[in-house]
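Here's a structure for you.
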Amino acid sequence: MVDRLSYAMIGGGIGAFIGEVHRRAISLDDRATLVAGALSSTPEKSKQSAAQLGLDPDRSYGSYEELFERESARDDRVDFVSIVTPNDTHYPIAKMALKHGFHVVLDKPATHTSEQANELASIAESNGLVCCVTYNYTGYPMVRQARAMIAAGELGTIRKVYAEYHQGWLASDLEVSGQKQAAWRVDPKRAGLGGALGDIGTHAENLLAFVTGLEIQTLHANLNSFVPGRALDDDASVMMQFTNGAHGVLTASQICIGEGNGLTLRVHGDRGSLWWRQESPDELRVALLDQNPVIYSRGGAGLHDDAAISARIPQGHPEGYLEAFGNIYKGAIDAIFAKRDGHEPSRLAQLIPSIVDGERGVRFVERCVQSAKKNAQLDWA
Amino acid sequence: MVDRLSYAMIGGGIGAFIGEVHRRAISLDDRATLVAGALSSTPEKSKQSAAQLGLDPDRSYGSYEELFERESARDDRVDFVSIVTPNDTHYPIAKMALKHGFHVVLDKPATHTSEQANELASIAESNGLVCCVTYNYTGYPMVRQARAMIAAGELGTIRKVYAEYHQGWLASDLEVSGQKQAAWRVDPKRAGLGGALGDIGTHAENLLAFVTGLEIQTLHANLNSFVPGRALDDDASVMMQFTNGAHGVLTASQICIGEGNGLTLRVHGDRGSLWWRQESPDELRVALLDQNPVIYSRGGAGLHDDAAISARIPQGHPEGYLEAFGNIYKGAIDAIFAKRDGHEPSRLAQLIPSIVDGERGVRFVERCVQSAKKNAQLDWA
Amino acid sequence: MVDRLSYAMIGGGIGAFIGEVHRRAISLDDRATLVAGALSSTPEKSKQSAAQLGLDPDRSYGSYEELFERESARDDRVDFVSIVTPNDTHYPIAKMALKHGFHVVLDKPATHTSEQANELASIAESNGLVCCVTYNYTGYPMVRQARAMIAAGELGTIRKVYAEYHQGWLASDLEVSGQKQAAWRVDPKRAGLGGALGDIGTHAENLLAFVTGLEIQTLHANLNSFVPGRALDDDASVMMQFTNGAHGVLTASQICIGEGNGLTLRVHGDRGSLWWRQESPDELRVALLDQNPVIYSRGGAGLHDDAAISARIPQGHPEGYLEAFGNIYKGAIDAIFAKRDGHEPSRLAQLIPSIVDGERGVRFVERCVQSAKKNAQLDWA
Amino acid sequence: MVDRLSYAMIGGGIGAFIGEVHRRAISLDDRATLVAGALSSTPEKSKQSAAQLGLDPDRSYGSYEELFERESARDDRVDFVSIVTPNDTHYPIAKMALKHGFHVVLDKPATHTSEQANELASIAESNGLVCCVTYNYTGYPMVRQARAMIAAGELGTIRKVYAEYHQGWLASDLEVSGQKQAAWRVDPKRAGLGGALGDIGTHAENLLAFVTGLEIQTLHANLNSFVPGRALDDDASVMMQFTNGAHGVLTASQICIGEGNGLTLRVHGDRGSLWWRQESPDELRVALLDQNPVIYSRGGAGLHDDAAISARIPQGHPEGYLEAFGNIYKGAIDAIFAKRDGHEPSRLAQLIPSIVDGERGVRFVERCVQSAKKNAQLDWA
């Protein structure tokens, strides 16, 4: 018999974007079943959404509080909860989930403040629970190849890193038209301190940290709100010094007309360099000193295990965003099985972003906002 | 309540490639559940595979004959069967499935001979059953955009078409090493008349026909077996005249070292041209007479409905092979619901490749093999 | 003192395209000076063109006959002549030049018939003269790298070759509007037997032969005239068998809207493959069996001498069409110096296309036209 | 008769790189002749270099002082001088040239200090002389197209600019091996205040200013010397605020292994965006709000005059670095003719970078170095 988990989703009802992404990402490998939910912000809408998804009405809850209370009481209580609500509610929901002993998969940014994230980390730690934050871009096989190559010293000492995340969809005041995805992202109450910075800049920070392992020592950020009427940044630029002496430039912007989902990473070491583009995720360009550039690819030659185990289909058959997202869930589910069964977590489980990464992401936003306000370089710690 | 279908799979057991692809493609949208199977070539292996997939042992059958007999007798018999066995068994399995009243989704090439495919088409037709052949590349949104633009006359009258499908994985004698995927593809008994031609050339033919609607009038094919010891072609080139006066060149080869899954289509009309590459499937380059080339993309501007409804996530978030494959299944499941419920099939259902397309693909292989033997141009009909 | 040659140009007056290209290509390295000319089709226009170019009026001739007669009589007669007239006049002009003892650089296609080209080759041979045909694309450094890699066996035995030359500028009836470049190319009297085939197909044939060294054994061609009113082909497709057992597909078309000057070459051997695109000429993609693809580039690592000596500026500083054309002239001028001074020709001189290549190009057009008429495969010899 | 200018070169002797580039750039259009020179740092080497270039020994001078003195005395004195010496000598040579009434074409960076550049600007102005600084990348047709589109308001108000110039050739300590190009660039005495910043960062600054017309209001720079032993930066990052409210990020680095000559520009306005890469210079990607991206190209549709007049050959026939460099000289020569003959300068002449641009470039280096030392944001003025 196949061993499967069951899960509940909080948020992700009708009209939501990321909830459906999470469900598809889980479906892809078919090792967990959605059986419960508090899917929308009102009980009525939650019921409607639950019906659409075919949930048992008994396990369609009107609020997350109700969900945790009643699921806790069941013998067949869900194994984990996926939290895909707007940013402002992440903290109370995740906290209650962890306190009730549920494993958590949490959309990013983890929380509004780094203290909140720290607290979640402590609770998860002391309760022996998985708390995964879905920095999904680290699920791409070639991102994992990049990380493994750097970890193995193939690029030598890292000197310079460029991380970019450029989108164009908020170049005009879409929020005024009532577009739901735009509206909450530009609202400080729901989005938190960061606009583009929090929404996509944290992905770039996480990707950079995941691949290079570098730690920020100081940073200087510049934030702009180009579209009139915005309280939060829609454009961010950050110069960073890392503890090993490397330097980095990270830019995140949502006003770059013509950019779809332009997340890129370039890493330059003293022995070699690499380039990766999210919009062409199956390729990784690598150049070693005095050699011609080589194109690594998913399914190609010279792959480290971490890349090989993260692929599903052969070379040349494109994998995309959902497959990478699925890899995060595969790892999280592996991690939950390992906790449940008391065995060592699989390699996929070891690769998932945790609430510790989530805390670092929130701190990154906090520090950038402080730096931009003072227009000065700040220490990380 | 969500309305779901149930299905059985024939083939696709341990060690198979395409069976897992079909299952994932279905899982992605989660509207059908695998509940039965005759998964491998022996009853023992079938049981093992079924256990791995979590099938009810009662519905894990030792042969397809047993499956059809026993499923037919159940009240909760499966709605459709996915047939993902090697080519030589497609015909008898599909025929028996259709005769027992099951809808069929059949891997390509449909059958060994065009007569067999014709027969399947007749049975499906008279029994009112869906018989979909998984020419999966037509599931890509930008392929559907290309088709819609041409159908709308945006490129004018088509003059010249280039369809290519170049792979490199059979450039050496992989079959000798016992690689399972290679072994059956180079074996005339299992693969049929065509090697590269049948395995991938038919995809190129189908893509060309789907996008342009052109009909072949005459063709002249050249077939080579470059790797010593091969009975079937591993390289094919075809020049074609179409009934509208257009000309085409189609090449399919599995000895192109460095090519992963290089399926491309270029169409030149008297008002404009388009270019599409499977390895970068989210983009479609279009150039109209005396204008600069424009990059259409999934989620971008100017999309026809057929493209828009075939996408799941926003622009810049790559979709890939599984998502395109999933679109075929989405359409097939829609088509089956429409048959069951007696309503009009959805647009997605109308876009799926049928056994009629499958018949044309088999005939294409037959004609090419005849032409190559005679080293002469042949008529299509 | 720098040793320089002097040359005359025949054709290339006001309004011509290719004459100016030749002059610039020579200027780039500044080792030959234009001192005489019969630049246009009438004496008056020739004078005007000569004045514009600053020629001594004494050496501005009304016809090529006059030029050869009077230049022959001078002590400071020109060292060589560049012949850049429409195709139909190549033969008589080149023949007279060679008979008067002038070295010749001749635009392609060399002549109207292969017999004519053979005759030129004989005269050049017996008179000890250089007769270079400007198949300029072989001047690109990375084309020479491709040739050297194949010659060194790095790709193993060649199995399949794709040569394409696709343009879009003749997709509509530009000739009707009086556009001079279009008008002569579609006129059988001036262009010869081939339209697209002669104008650009011969470049593709030459590139293929230069890089691979393969010899055509049989060919089957299809020719189309898509634009109404054209007597010559504007679209050509050719399947070829080579004497070593390899197979090739060559297509040349001028009706591909959206293509600028799309000359590409792909070569697949049993040990590796290469890809080259004229519109991105500084790069050469190479993939060896079971290895990741590598990007060679002008100025990069791993270059053979033939590539290295054909570059002028460092890596990343693009060279283009004129620089490649200049390499043909550099070689031709080297070859002329070698003849004059009785020393061994330089390596650059050895790489230039000769009238023997020119003859093969004309024969290619002849054979393709015959094959297309018969709609049958023909032997080369 | 063709009207030609004569010129002298200072620097650019045996073993130099950029001198030969200047000479080839001039040769390409063949409107000026090199007739005099002080080509090397010693009289002996100068004579040798002059002999190699075929200069009249009478006009091969041992020093620039001698050149100006003796050329001034001639009736046929040169029209202009090209100064291609290491940076430290630009100022005295250019000053003396202008004082003797010679037009000047000066390699970048113009001088060591902005005061020096200002002084040269004054002398040129009061003497009615052309003083062009060869920011050659502004000579590319598609760069001029980008400028014209922005000037015409096609992108709306500019919000964000990314300018990058990344090379890899100084990633290791090439200067230690005695490589001449490396040695002077890392030597503060000869190179000036900036390493990568002065050598290539100024090109990026100039490109940005030329295309966008934006003026820097404040900047914050970070400079690194990654290769041990270097006194000057080999890596620079700059965040800039412009007077119109736009923000910019400029990075210049010579330690990016795998980068050849990676100069790129991305400009984002409130109505559209553009992207340009020097290594693929014939293309310009443009995206307008809510429209699909369009590929403009040299010779393609929709070009402004400034782009059209800067091209020499048709679309698809690549032009490169030398052609762009040649456009600067074409403009400079036009400007000199206009001065000489008292007519309005041509459009090409109006597009050339002047000593005023040169001064801004030097000031940019000064300000960045000051900012990096203080680790603080500085005002431009």
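By written order: A, B, C and D. Residues from 1 in each chain.
One rule holds in what follows: contacts are C-beta pairs under 8 Å (C-beta built on N, C-alpha and C of every residue); 3 or more make two chains touch, one makes a residue touch a chain.
The structure presented is a predicted model; accordingly, all values stated were derived computationally and were not measured.
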item: Chains contacting each of chain A and chain B, listed by label; value: C, D
item: More contacts between chains, B-C or B-D; value: B-C
item: Chain C and chain D: spacing of chain centres that average the CA atoms, whole Å; value: 35
item: CA centroid of chain B to CA centroid of chain D, Å; value: 55
item: Rounded Å distance, chain B centre to chain C centre (Cα mean); value: 43
item: Contacts with two or more other chains, residues of chain A listed in rising order; value: 259, 293, 297, 300
item: Residues on chain B engaged by chain A in the complex (per definition of touch); value: 1-2, 4, 17, 20-21, 23-24, 27-30, 51-54, 167, 169, 259-262, 278-282, 297, 299-300, 312-323
item: Chain D-touching residues of chain B, taken from the complex the two chains share; value: 290-297, 300-302
item: Touching residues (chain side chain C, partner chain B) in the complex; value: 159-160, 162, 168, 171-172, 220, 222, 224, 226, 235, 237, 239, 241, 247, 249, 251, 253, 255-259, 266, 268-273, 275, 285-289, 293, 375-377
